[in-house]
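In what follows, structures are represented as structure tokens.
Next come two complexes built around subunit A: one with subunit B, the other with subunit C.
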Partner chain A sequence: MTQIATPSPRVRRLLPETATYITLSIAAFVSVFPFLWMLISSTNTSIDIIKGKTSFGAAFSTNVVNFFTQVDVPLVFWNSAKVSILTTLLTIAVSSLAGYGFEMFRSKMRDRLYALVLLTLMVPFAALMIPLFMMMGRAGLINTHIGILLPTIASAFIIFYFRQSTKAFPTELRDAAKVDGLKEWQIFLYIYVPVMRSTFAAAFVIIFMTSWNNYLWPLIVLQSNETKTITLVVSSLASAYYPDFGVVMIGTILATLPTLLVFFIMQRQFVAGMLGSVK
Partner chain B sequence: MALAKTGGLKRYYDVNGWLFIAPALTLIGIFLIYPIFRSLFLSFYSGKGMMLKFAGFGNITRLANDPVFLKALINTTTFFVIQVPIMIVLALILASLLNMDRLKFAGFFRTAIFLPCVASLVAYSVLFKSMFSVDGVINQALMAIGLIGMPIGWLTEPFWAKVLVILAITWRWTGYNMIFYLAALQNIDKSIYEAARIDGVPAWARFVHLTIPMLKPVILFTTIISTIGTIQLFDEVYNLTEGKGGPADATITLSLYIYNLTFRFMPSFGYAATVSYVIVLMVAVLSFLQFYAARERS
Partner chain C sequence: MDNRTILSRFAAAAFAGASFFATTAAFAGEVTIWCWDPNFNVAIMKEAGERYTAKHPETTFNIVDFAKADVEQKLQTALSSGTTDALPDIVLIEDYGAQKYLQSFPGAFAEMSGTVDYSGFAPYKVQLMTVDGKVYGMPFDSGVTGFYYRKDYLEQAGFKPADVQDITWDRFIEIGKQVEEKTGKKMMGLDITDAGFTRILMQSAGQWYFDAEGNLSIENNTALKAALETQQKILQAGVYKPSSGWSDWVGSFTSGDVATVTTGVWITGTVKAQADQSGKWGVAPIPSLGIEGATHASNLGGSSWYVLESSAEKAEAIAFLNETYAKDIDFYQKILTERGAVGSLLAARTGEAYMKADEFFGGETVWQNFSDWLSKVPPVNYGIFTNEVDTAVTAHLPSLAQGANIDEVLKQIQSQAEGQIQ
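Then we have the complex of A and B:
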């Protein structure tokens, strides 16, 4: 006690250090708690969840069985996987080509178009959804997965990301390949793609997560149970008049699992992809 | 490089240049540029469903006299004016703590605080809804530590519903912003901090006079992207309030109002498009500020 009254240099150092660990521990706890809550609640009945029960219960199997009877799980998962993987692959294809093209073949006209592409970054989705919905209606694409896919492939942000990353692509490789008689598409496919694989990996993570978690546009376009994705299913289960939160928890676990896996397997690419925008 | 001037090479160069960017340009033209002009065009029309008729500036008059729109505008503004600064300060503090020398478990803390970014907006909104029920885990914890005497009606009282939305967004995005600051801090020479420490500058002063000025560009960038994100807030309020933006429109946002105008009742495409242009204007102003700030920097 006397030590605190006249702090020794050691205590003066330890005090802020302790405060740091306490602050970080609280922040970490708050950040992780909802995930723990999700796991704990998946084993409890809806009433227990609403009443804030923080210990594991015995209702896990009941919740799982109820979830699987209320939801056609394989179909919903297949819908989500199909939409996300196709969106990711197509967005990567279109955006990497564009990023390479804008950077390697500069001209005044193309630079201007690139500026226009960047300008679309600031277009809020709310201002697009009405015309897009009307377009999809005319094209007969309401309630189809193609209707979801098409407008999300054009991403100014991913094009920007690829172009920024292409600046680091060694031009000597391209020159050497040209001397060897490779055509541009061959250089792109056989040299650019393998050399830039970490850029591609980061783009994959970002687009997949965005697409898997996408909500507003699918909510508008997908109207039947046969086409709905996992996000929509979780949302509609939770917005029932008397939601069964035990069942909802199984849904949130299933909805979160793929992105959690991608994050833990590809954490480095994930962070790299996010920071790509400030470099 | 005399060859570059000959027509053949230039054409080769041009053909390839266009081929590479053509798919992206086509998609952006159809799904971004056309709709944004179509929206503008629609905002001069009124009527239900596909029965549209020209209304001139009628929608703007309607906007000025629409109490729900006003509420949505005030709510949206309230959310970003209050939430973004809180989150940015929190993220800055956490980032500078994580950046300290010889910090143990730094990797664990970083991953844990970043984890909310992995949750889908729908999933975490639903989780928050269950945690913040009247008899729920949050009210019980707050009562147990004596912060409140009575349970708070997080989902039933207008004021607390707004607080809940702010808490939820802050939980989801603080770690995201923190990662940007951490990346920027790691580029700063540690010896500056060491020198300040030896000179007896206390930790809070190092934070205010060293960290914040050096991170100014990143802070500005994240503030603007966070604000733009919050202006478009939809998923959270929709899922916390069963799509109503309640109680009594207390949490309705502009995006939610547009959705309701278009898809909940008989669609008013024209008027909804007008409301959407309010968002366009707000985002445009912010983007302009960012562009201006970025140019000043370089």
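Then we have the complex of A and C:
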């Protein structure tokens, strides 16, 4: 008579763990692979990339030199950085105040107004593009960086995010501050901002990334080589009849680096911010 | 601090802010051009601009490169919104899309019929930019087709170059069978998810997805029918190497796996990039469909320059295009040599570069041949929905391999295309 082997408790504990690790490894591979592919490709010639070469090559320095001769790198990065940083700071300033206001001040119209703000999330940008472009044209803001950032700084999503986070902000703090004679702007600046700093940090990461990677609107607004941002430059490189994919990869890596840096530097605050500033 | 200092500080800050954002202010005499591909269109336009500035120092050029889809997106947005001051002076538009822009935005592009002598250009390039008898653009690069063949493979199979001159596609298949028998090589690379080959065949017999009036013409289109039949025969005879995607297709001939390539002249650079195959290639006119109206000349791709009617530099822009692209033979030699660009000006063939024999093609004067074929490409009406119909055609190409009835396929394409156009 054969005995049916029952797994030892150790094996029984290990099995689900192994399964978890395998699943996670596959998921990690899927998300990391494009970056790995990008890195590998940046070291190969265009022809090798088309052939699907999967090992590192020796063309990295050639690709870098070609990229730097074809693209005015400092100018393009300055343009992108200028737009992204200004957009981020202005969006945070406007939208955090709006989120704070929506939560703190009670009025009859508050929730209707708020619903209206949220409703704008449902309108796709493509539908707004032409009217916005006409407005920018009349205002003389075409081909300017301020034309890119103006329509984005009152972000319904960021307002929503700040209002949701503000719900956790203890009203007692505000009441106490009022008793101590602080004005509303002082409460916002000296109490709300420090308490909510991880919310601010998370907002910074989200807005910076969106703005840095923004493509369609800058494409419509910008008209000259001198104002172009990195996303437009990479797109232009990649659309040649015979694109030099090695150069395109260098462009893609350089375009990805700032968002990666911002994310890694602020990762801890970002995660904390997504979980809520006030425990 | 009194009010005045505050005010002046504010003004200074505002001024600094304004200058921080102020970027380009167009001054008189600068012609702005939008196009794609830094190594091709941009580089060629720079060359044209330098030639013009040398003679007219007061005119300068601002060439802005965007991706092709981006140029179209920007043009579409600016034209739809009527924000004409956001438009360049000259823009590059792909030939297949030209009628769409000319007819959708009447009055947006400058007529050049009075100024430019269009009789010097390949007729099909002029036709595609004509609306109601008025011509609106400056013909630029051509995708005139050629039949590139491996002399060595054909020779092994017992064929001389003379045997592939002016043949039909039926003969092509017969030759293909023998080539495969003797050399083991397939006759051509074929990607049945791409309608490019269909377009080449159809235009070679002087028809398109649209008739001269711009009406959809699929079911009764004899050239399209013959084009699909030919592809079905090629598929059934098995004389092709299946390719998936552009780079795979290019690889089919650069690797030496197939004996012939039928496509636009712009592939020449890619063919010649395989230095070890020098002397092994020849170029002949493409095979014909053998139906009424069939020729040995066709086209794939190409684009042309258009001047915006709203441009402040309109007259200057037209004068510039006319002086370089319509008259400067030497310019065409330079862009052929340096960029491999074949323009549409027929007189370019009288220049040195066009006369030159090419050792890669065994000493043939290939550019003279291409110039001959260029003048013979049948003019057709690309209409305003070429891309939409292309999608419908592409969707039905795979069914050819399964032996689908061609008339049925045409009916299905017609109904799908009608659905997409409406």
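In the analysis below, the second predicted complex is superposed on the first by the 243 of 279 C-alpha atoms of A that agree within 3 Å, B and C clash if a C-alpha of one lies under 4 Å from a C-alpha of the other, contacts with A are read in each partner's own complex, and residues count from 1 in each chain.
What we mean here is this: a contact is a pair of C-beta atoms (placed from the backbone, for glycine too) under 8 Å apart; a residue touches a chain by one contact, two chains touch by 3 or more.
Just so it is clear, the structure is predicted and the values come from calculations on it, not from any experiment.
Novice: Should the superposition on subunit A be reported as showing a clash between subunit B and subunit C, or a fit?
Specialist: Subunit B and subunit C clash in the superposed model.
Novice: Scan A:88 for contacts with subunit B and subunit C and give back first, second, both or neither.
Specialist: Neither partner.
Novice: In the overlaid three-chain picture, which partner chain does A:133 touch, first (subunit B) or second (subunit C), both, or neither?
Specialist: both
Novice: In the superposed arrangement, does A:113 touch subunit B (first), subunit C (second), both or neither?
Specialist: first
Novice: Considering only the touch criterion stated at the top, classify A:259 as touching first (subunit B), second (subunit C), both, or neither.
Specialist: After superposition on chain A, A:259 lies in contact with subunit B alone.
Novice: Applying the document's definition of touch, where does A:225 land relative to subunit B and subunit C: first, second, both, or neither?
Specialist: second
Novice: Tell me which partner A:51 touches in the superposition: subunit B (first), subunit C (second), both or neither.
Specialist: both
Novice: Who wins on subunit A residues touched, subunit B or subunit C?
Specialist: Tallying touched residues of subunit A, the top partner is B.
Novice: Let me test your reading of the model: by the given contact rule, A:41 touches which partner, first (subunit B), second (subunit C), both or neither?
Specialist: first
Novice: Based on the superposed arrangement, let me know which partner A:238 touches: subunit B (first), subunit C (second), both, or neither?
Specialist: The answer is both, since A:238 touches subunit B and subunit C.
Novice: When the complexes are fitted on the C-alpha atoms of A, one of 61-69, 115-123 or 277-285 in subunit B overlaps subunit C. Which is it?
Specialist: 61-69
Novice: Under the contact definition given at the top, report the residues of subunit A touching subunit B in one complex and subunit C in the other.
Specialist: 50-51, 129-131, 133-134, 216, 220, 235, 238-239
Novice: Write out the stretch or stretches of subunit B touching subunit A in their complex.
Specialist: Subunit B reaches subunit A through residues 13-14, 16-21, 23-25, 27-28, 30-36, 38-39, 42, 93-94, 97-98, 100, 103-104, 108-109, 111-116, 118-124, 126-131, 133, 135-141, 171, 175-176, 179-180, 183, 203, 218, 221, 228, 231-232, 234-235, 238-239, 242-243, 254-255, 258-259, 262-263, 269, 272-273, 276-277, 279-280, 283-284, 287.
Novice: Once bound in the complex, which stretches of subunit A touch subunit C?
Specialist: 50-51, 70, 129-131, 133-134, 137, 142-146, 216, 219-220, 223-227, 232, 235-242
Novice: In the complex of these two chains, what residues of subunit A are touching subunit B?
Specialist: 16, 20-21, 23-25, 27-28, 30-32, 34-35, 37-38, 41, 49-54, 93-95, 97-98, 100-102, 104-107, 110, 113, 116-117, 120-135, 150-151, 153-154, 156, 159, 184, 188, 209, 212-213, 215-216, 220, 231, 234-235, 238-239, 245, 248-249, 252, 255-256, 259-260, 263, 267, 271, 274-275, 278
Novice: Which residues of subunit C touch subunit A in the complex?
Specialist: 21-24, 32, 36-40, 62-70, 73-74, 77-78, 80-83, 85-86, 88, 247, 250-251, 266, 269-270
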